[in-house]
Every structure is written in structure tokens, then in C-alpha cells.
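Pasting a structure here, questions to come.
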Amino acid sequence: MSEVLKELKYLESHEWARVEDDGKVSVGITDFAQHALGDIVYVDLPEAGDEVTAGESFCEIESVKSVSGVYSPATGTVAEVNEALLDSPELINEDPYGSWLIKIENAELSDALLDSEGYEAVLENEEQ
Amino acid sequence: MARYVVSTKEEQLEMLRAIGMESLDDLYRDVPEEAKAKSFDIPSGMSEMEVRAFMESLAEKNTRFKKIFRGAGAYRHYIPSIVKSVVNKEEFVTAYTPYQAEISQGVLQSIFEYQTQMCELTGLDVSNASVYDGAVAAAEAIMMAVDRRKNRAVVSGAVNPEMLEVIKTYCESRDVDLVITGTSDGKTDMEELKASVGADTACVLIQSPNFFGLIEDVEDAVAIAHESKAKFILSSNPIAMAYLKNAGEYDADICVMEGQPLGLDVAFGGPYLGIMTCREALMRKLPGRIVGQTADHDGKRAFVLTLQAREQHIRREKASSNICSNEALCAMTASVYLAAMGRNGLVQAAKNSMSHAHYLASRLLELPGFSMRYGGEFFHEFLIDAPVAPKVIEDKLREKGILSGLEVDGGILFCTTEMNTKADIDELVEIIKEVL
Amino acid sequence: MKLLFERSISGRGQEILPACDVKEYVPADRYLRKADLRLPEISEVDLSRHYTELMKQVHGVNDGPYPLGSCTMKYNPKVDEDAAALPGFTGLHPLVREEDAQGSLEVMYRAKELLCELTGMDDMTLQPAAGAHGEYTGLLLIRKYHKERNDLKRKNIIVPDSAHGTNPASATMAGFNVINVKSNDEGGIDLDELRKAVNDETAGLMLTNPNTLGIFDKNILEVTRIIHEAGGLCYYDGANLNAIVGRIKPGDMGFDCIHLNLHKTFATPHGGGGPGSGPVGCKDFLKGYLPGPVVVKDGNTFGFIRPEKSMGQVRSFFGNFLVVVKALTYILTLGAEGLKEASSNAVLNANYMMHRLKDYYDMASGDICMHEFVMDLSRMKAETGVSAMDIAKASLDRGIHPPTMYFPLIVHEALMVEPTETESRETLDMMCEIFIDLAKKAKEDPAYLNGAPYTKPIGRPDEVTAARNPVLKYSF
């Protein structure tokens, strides 16, 4: 069973969101997602200043034999991107909840966000 | 019995019975009757001896020119004997794409060597394993550069017309705003180019030496492109690039070339070789297969197809290109050619080609009524005006087994390589004198 | 195994060209290359041996069976190579007068006529250089057709989820949106899904039949009717034509345009990835849009025309001409009966193998296939931990090129087997025995299979590192 953190919000498409103390929203992919992708080899991050829209893809993550879009849990402006991932995409495999992809400012969270229990139910379905 | 099918009729029947059938027709029992063909108007087969004689008879219907003074996109250079000896090896000829790395190291390593050579030749960082030809390479390079924000491609009107046709097709299908600039004295009109390039321009593409053989003012075009943050794509000739400034020195972002001069026959247009190299920043936008170096589980050096997440078999409708099969054996041909020639040999080919062209131009200009159409520096092709119709000269040369330059805009576009010796050129000039 | 560059020794090399026999012309310095050009300095004998060493690390068609599904790795006849090497063909410049190219034009014309007859098409271009290039060209025919009718809202191309990746990628390149439809259990089009997917925005459908599970879609006439009634056109992906040559014409199934892979069906070799050739045929009503130039016959002479409303060009000149020479030689050699016998034996060989293997491997569908079949190793993987990849890699140690792995995508642990008609019964039996033995090994010693291969020049390469830290050229 994949790890799910209580304090985070989730999209059904396996992204997590965390509202930071400064109001920005950090976004990453879940343990389930990193496991499904396998060894991640490349992350195509947006640039700071880009606009993102809730429910739309803002970045692509590649493994050797697959590529996946990452969907935004909020509408807003990209404040920061995690540049460490450009050189070390494997950090996502090693620590999916520590490896945020972007931080969104002026963020308006998506209505589709689930709490941890809701997401666990999604995973149960997937794993069947 | 059909050629190449191994099993005898008896064996076929035994195999059919093993699967519970009585005839080959039974294998197609699920096919609706309406879909089955009523007839095929195809001749009966031939023995090998007959078919070979027939194909020879067709080949003989082509005119065999002893000497070729025509280029315009296809160039007859000398091909060292080692080249065909290598690329005719059955394993290289018949193998599939090297997806199974453990039994494909020979092909993979040869592509890695090819990629290295292309990066050396062009002075850029990354090469793919080839695309179909130089024209498609140019079109694919434009597709690399355009995106949602920048959708305009500005292309010089002095590029090879075959290439321009392909660029038009590709741009139209992807709704790219294609602007073709005019020429001035046979070269790209830089004023017009500057006026055509703006914030929405994704790329500028120039060919040098251009269709008329002229060396373009590439620096100016690069400056115009980069000023608007557009990518600069240089189309060139690989033999010229050994001797003249390369794409890296010009600060180009992408380089595309028709690789045919590197050991491939002119062969009525193909197979040829599309060369594509680019800056590292564009690596993940480069279409086609790419080979990378890695290690196996024992740490032994190994080569694999890599960065595959760019490609159609993974990215499907989101892939930037659909290319699958490429021109692998032609890439190997170019690689063997370059290894056999070495730096000195390749530079010699370039120098001889260029020197022959300048010698031919000077000899023709000694004749009454000949004049160069354009004033700029040229590599191994030039457009010259004759006092008689180009066809008259072409007819006369043809009688003597010589293919004249190509008629272009009422002039003659002559081309020489190292194969057109001084004696050949002197002979050509003497024959032309006869029709003046 | 050393790289070319690691064999280079300064001062070695070959003298191929004579010195310049005219006064050397030196252009202005600003035009000259200053950058170093580090090509190998290597003697002919060392160069020759280098490639002989490389050659030994390549599995060619003569190195053992090549049951690579979807790729039609049949034997490549030698006479075809001889024909394509004739100096009359290799030495001909593409920009000569038509009267000087009558032989080459006749090759192209005859090839076009025969291929049109085999596929039920009315005209054809030989310009596309590969299958995917042909798909792109065929889709541009469809685009042009709707555009000329001013039917501009038709932007959707329907592609089944079992299709080759090139299909959706080509559709995007040709400016279409891709509508994926689910396949049925036999890998065919689900008619209900199809009916739901079509509307007045449907430009066309791309389909291969036999489909990628190796099954002939019995509903094919209904499928093409649904598309036509919605105002769309039907595109036939010729990847699997080898099953039906000389028996069934795609034109009779309701297809309006097609591409062929001469490097599959018509025995031209793959060259380690190319050159191929992907001619595109079409029905009469589309021929005015074909890329130019198209070869025609007038009396006893052959020439080129540019169709009136041509889409333009998709490649320089006339395509991979020498590949067409090889394919024509092949077709003329086999003739009508031979072609039919070839396709029938391709189907027979596949069925024979499937029959022998079905007690040891789950089959993805049915008990009769066309020229290839798909084994589904999901259960094996769940029970033993041995994956399709493991069986593929283990087959390398037994001298077989593995079947295609993990395709089509609708089967999770797929191995797709296409023996082709040029394998003998002994070879088919030998392959079957090897696969049966591997299925047994999967139960007895899965760890061994997980680590295969053991006897090849390298073990499994680290693809993750290759993609994370790309090393794409030699560091001098």
C-alpha cells in the first residue's frame, strides 16, 4: 500500500498539495504515482511566473518508457520551481512528499481536492 | 512452388492438419466473403535468372553519364571502396532497429560514432540517429522550434527548392506561419529578413552554401534571429562544413544537412540521409532515435536507445514527430566514409570541389558571352549565363556522355566535386566552344 | 570494444584522393573553419576490422529466427540487393531529363501499378521514406480532401487504442485531433464505441487489419461503412499487410487510402532501422492531391506529373528509389501465386506456433490468428515473477531474436510473435521448444530468467542512467 500523508490534499490524478505558512501552495506527485512511473529520469518544469490552472497539466515527468502529465491542484502563478529536480529527478522516487515540483502563489485551490481519506479510497479502487 | 517459402506442399499440409485445417484457404475462414478479392492482375513469377536479366534491362534504359557537372541537391563524390564493403555486411543490412541492446551493440555503437562525428562536423552538442533526408531534416527542425507562443518560421528564398517544397508541406499541416524571404544578388535579402522577424518568430532558416552555391552572410542572419530570441537553423553541405565555418562557429542553434555527399550514391534521389544536430538546450525536442552510452549490470560500457520518452511509441499523439524508421544504414555509410577520409581527406574533398568550380568558372568566363549571374563567393556550384540557350549546351554535352549543369532561371547551375578533374573541365569547355 | 575514436593514432590514415590538379582556390579567411575536426585517423585494415567486430555484435536475419511481431522480419533475397546495386540505377542523378531516366521511371511505374493492384488502389506515390512518413502523407490526403470540399470542421481522426504509436503521432503532425476508441477483446474496433465517436467533425479513421492482436476484424465492412456514412475517410495502415497479400485488397474492405511498408511486406531489408519505403496509395477521388511528382506512362514512355491539387512534397525528389527497386524485384520474382503462397504461409506458420504454444502461454485472443499472435504473460508474471521482458531476454541466450515486447499496449505483459513465411517447420519447432522450455524455467528458476541474458556481449544495460545523464557522443 502506498504511503498517504494525513495533512495533505490530493487530486484523483495523484498529485498532492500543501498550503505553506506563507500561503503558497506546494505541489508534488504522490508515492503511488512515483511507484507507478518507476525510475524517473526527467522533469520538464515550468518557469517561475508562468500561470497554472487547476486541473490542467503544468509539467511532464518522464521515466524510461513512459511520460505523464502533472495536473495542477490550484489556479495561480508559479512562484518557485524545485530546480534540484532538474539534476536529480530520482529525488521524487526517494521522497515523493518532500520533493515539491512547484510552489504556486495567489493560489485558488481546486474544488476537486480530496482529503487523505478520499484519496485512499481512490487508491483502493486503482489497486484492485 | 513459391520462391523463399521454405515448406513443401506436404509439410504445409502436415502443419495445417496439426492445427485442424485442411487447406491454406481455411486459415482465412473468418474473413467475410465480400472482403476477399475476386482476382489479381499480377504476372506469374520469374526465375532468378530471368528477373535479374529483366532488372538489368531496366537499368540499361537509363542514360549512363560518364561525367556529371550537376548538383542542385545531389552530389557525386568519390566513394572509398571500404565504404560499401562495410555497409554491405549482411548483419548490418538485415538487422532491425536496435531495441534489443544486448544483441545490437554493433549497430548502437556505430550510431553513437555517427552522432559523435556529426557533432564534430557541425560543432553542435547533440545529434540524432538520422531522419529521411536533408529536406525533411529542415522541416523537422522548424517543428522543433515552433511552440504555442512563437509560431512563425522565416525561411530564406535561396534554399534548395526541393527542401522548400517539403518545408511548405510540413508548415501547412501544423499551421505554422511560414514566411519566405526574397533574395538579393542570389543571397538572402537581409533587409527583408530583418523586417520579417519579430517577437512571434520561432526560427530563421538559411542555407549556406545556398541553392546557387553562394556562401551566405550567415552572421547577419544569426544576429537577426537571436535579437528576436528566435532559433537559428543552418542548412548546409557536410563536405563544405569540413572546410568552411561550421554551425557552431556561426552560433547556430540547429544544423540540418543532406548527408548524401558522405559516401552515398546519387541513386535517382534516394535513399539519402537527413542529418540533424542541435544545442544541448534543445536536446529533448530533437526528433528521432538517439543512442546513449551507459553500462550493463557488470559495469561494462554499453549503448542503448535513449531519451525515448520523446518518441511516438511512448508519447503517441503528444509526440513532436512521428518518425520511427530512419536511414540507419545511410548513417553508417556516412560514418564509415568520414572515418575512411579522415579530416585531411574530407578537407581535400572540399578544397578540390571548390577549386574545380572556381577553375571551371574562370575557364567559362574566358569564353565570349559568358557572365556570372551573381557576385558573391561560392563553394562548388555557381550560376552562369551563357550566350546560347542552356539546352543547346546541355544537348551537345549529352552527346558526349556528360551531364551539364542544371538549367536554373535561364542560366546554368554548374557543380563540380573532386571527381571533375582538370582534364574533364578542359574537355567540357572545349565541347561548349563548339556550340558558340 | 573500442570506439573508432579510441583506435585513432595521429599520423595514421588513408590516402583516398589525389592532390588538387588545378590552382587551389582559397576563399577569404572569414569564411574558413577554425574549429578542429576530430575525425579518426585510422588505417584501412583497422577500419575494416573495426566493423567486422561490430558486425559480430549484431543479430541479422541470418543469425537466427526473428519472430519480431509487427515488424515482418522475413528473409531478404539476395537478388534484390544485386538489382539495387546496378550502376544504371545507383549512378543516375535525380535531376536528369525524363528521357535519360526511362529505366528508373519504368521501375517506379511498374512498382506503383503492381502495388495498386495488390491493394485495390488507383494511384500511388512512392515518395514517403518510411511507414510513419506514409501515414503522414495519407492523412494529408484526407485533410486536403475535406479542405477542398470546404468541410473545415472535420478535425478528428479516430484511432483505436491498440494502434501503433505512429498513428496518433502522425495524426497530430497532420494537424488533426486524435480520438482514441477502445478495442474489443479481439483487438478490433468496438462498433458501439465507434458509433459514439463519429460525428460531423470526423475526418477519418486509421486502422490496421489484421489488427495488432493479429486478428482479422470480421466487422471491417461495417467499420468502414460507419466512417463513410459519417462523412469520414478510411486510412489503412499497411503494417500487417503481409497476412493478406494476394488474397484480400484493402480497397475492397472500404479503405480510401493506405500506406505500405516495403521493408516489411515486400522483403526489403531493415538496415538496422532504415532506409525503408512507405508508398501511399489512394482511390481515384484522392489522386489529385498526391504529393508530386507522380510517375505516369504515356504510350511507351514514362514521365512525371504533378497532380493538379497536389499537397506539395513530403520528401526531396522521388523517395527511397533503391528500396523500390528491391521491392519490385521481389514482386516480379514471386508473381501472383508466389505472393499468395507467401502470405498464406506467414499465416500458417503463426497459427502453427500459436497452436503449439497455447498450452504453455496464455494467448491474448482466440484460437486462430493471422500472421502474428500475442501471448499475454500477466498470469506468468503474477505467479512466478517472470515478465515478458525476462522471457524476451532469455530467448536471446537461445539464439532467437525476441518477439516484440509490451505491444500492443492493451495487453499488459505482451509478447507478439510473427514468425514470417521464410522460416521452416524445423525452425518453428525449435522456437516452440525454446519458448516451452522457458515457460517451464519460469516456474523452476525464475531468478535465472530475471537476470538473463548471460551469453551476449553485454548484460541488461542501465537505461535509467542513460536517460538521466545522457552521454550522446564520445568525449575526446
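Which chain is which? They are A, B and C, in the order written, and residues in each are numbered from 1.
Everything that follows uses one rule, which is that a residue touches a chain if its C-beta (ideal position, glycine included) is under 8 Å from a C-beta of that chain, and two chains touch if they have at least 3 such contacts.
None of these values were measured; they are calculated from a predicted model.
In terms of the distance between Cα centroids, chain C is separated most widely from A.
Each chain gets a centre from its C-alpha atoms; the one nearest the centre of all protein C-alpha atoms is C.
Once the centre of each chain is set as its mean CA position, chain B and chain C turn out to be 20 Å apart.
With centres set at the average Cα position, the gap from chain A to chain B is 44 Å.
Separation between the centroids of chain A and chain C, computed from CA atoms only, is 38 Å.
Residue positions of chain A with contacts to 2 or more other chains are 41-42, 62, 64-65. Shared interface positions of chain B, i.e. residues touching 2 or more other chains, are given as 308-309, 314-315, 318. Within chain C, residues 463, 467 each touch two or more of the remaining chains.
Remark: chain C residues 406, 463-464, 467-468 touch chain A in the complex. Contacts from chain A toward chain C in the complex involve residues 39, 41-42, 62, 64-65, 89-90.
The touching residues of chain B, counted against chain A in their complex, run 284, 308-309, 314-315, 318.
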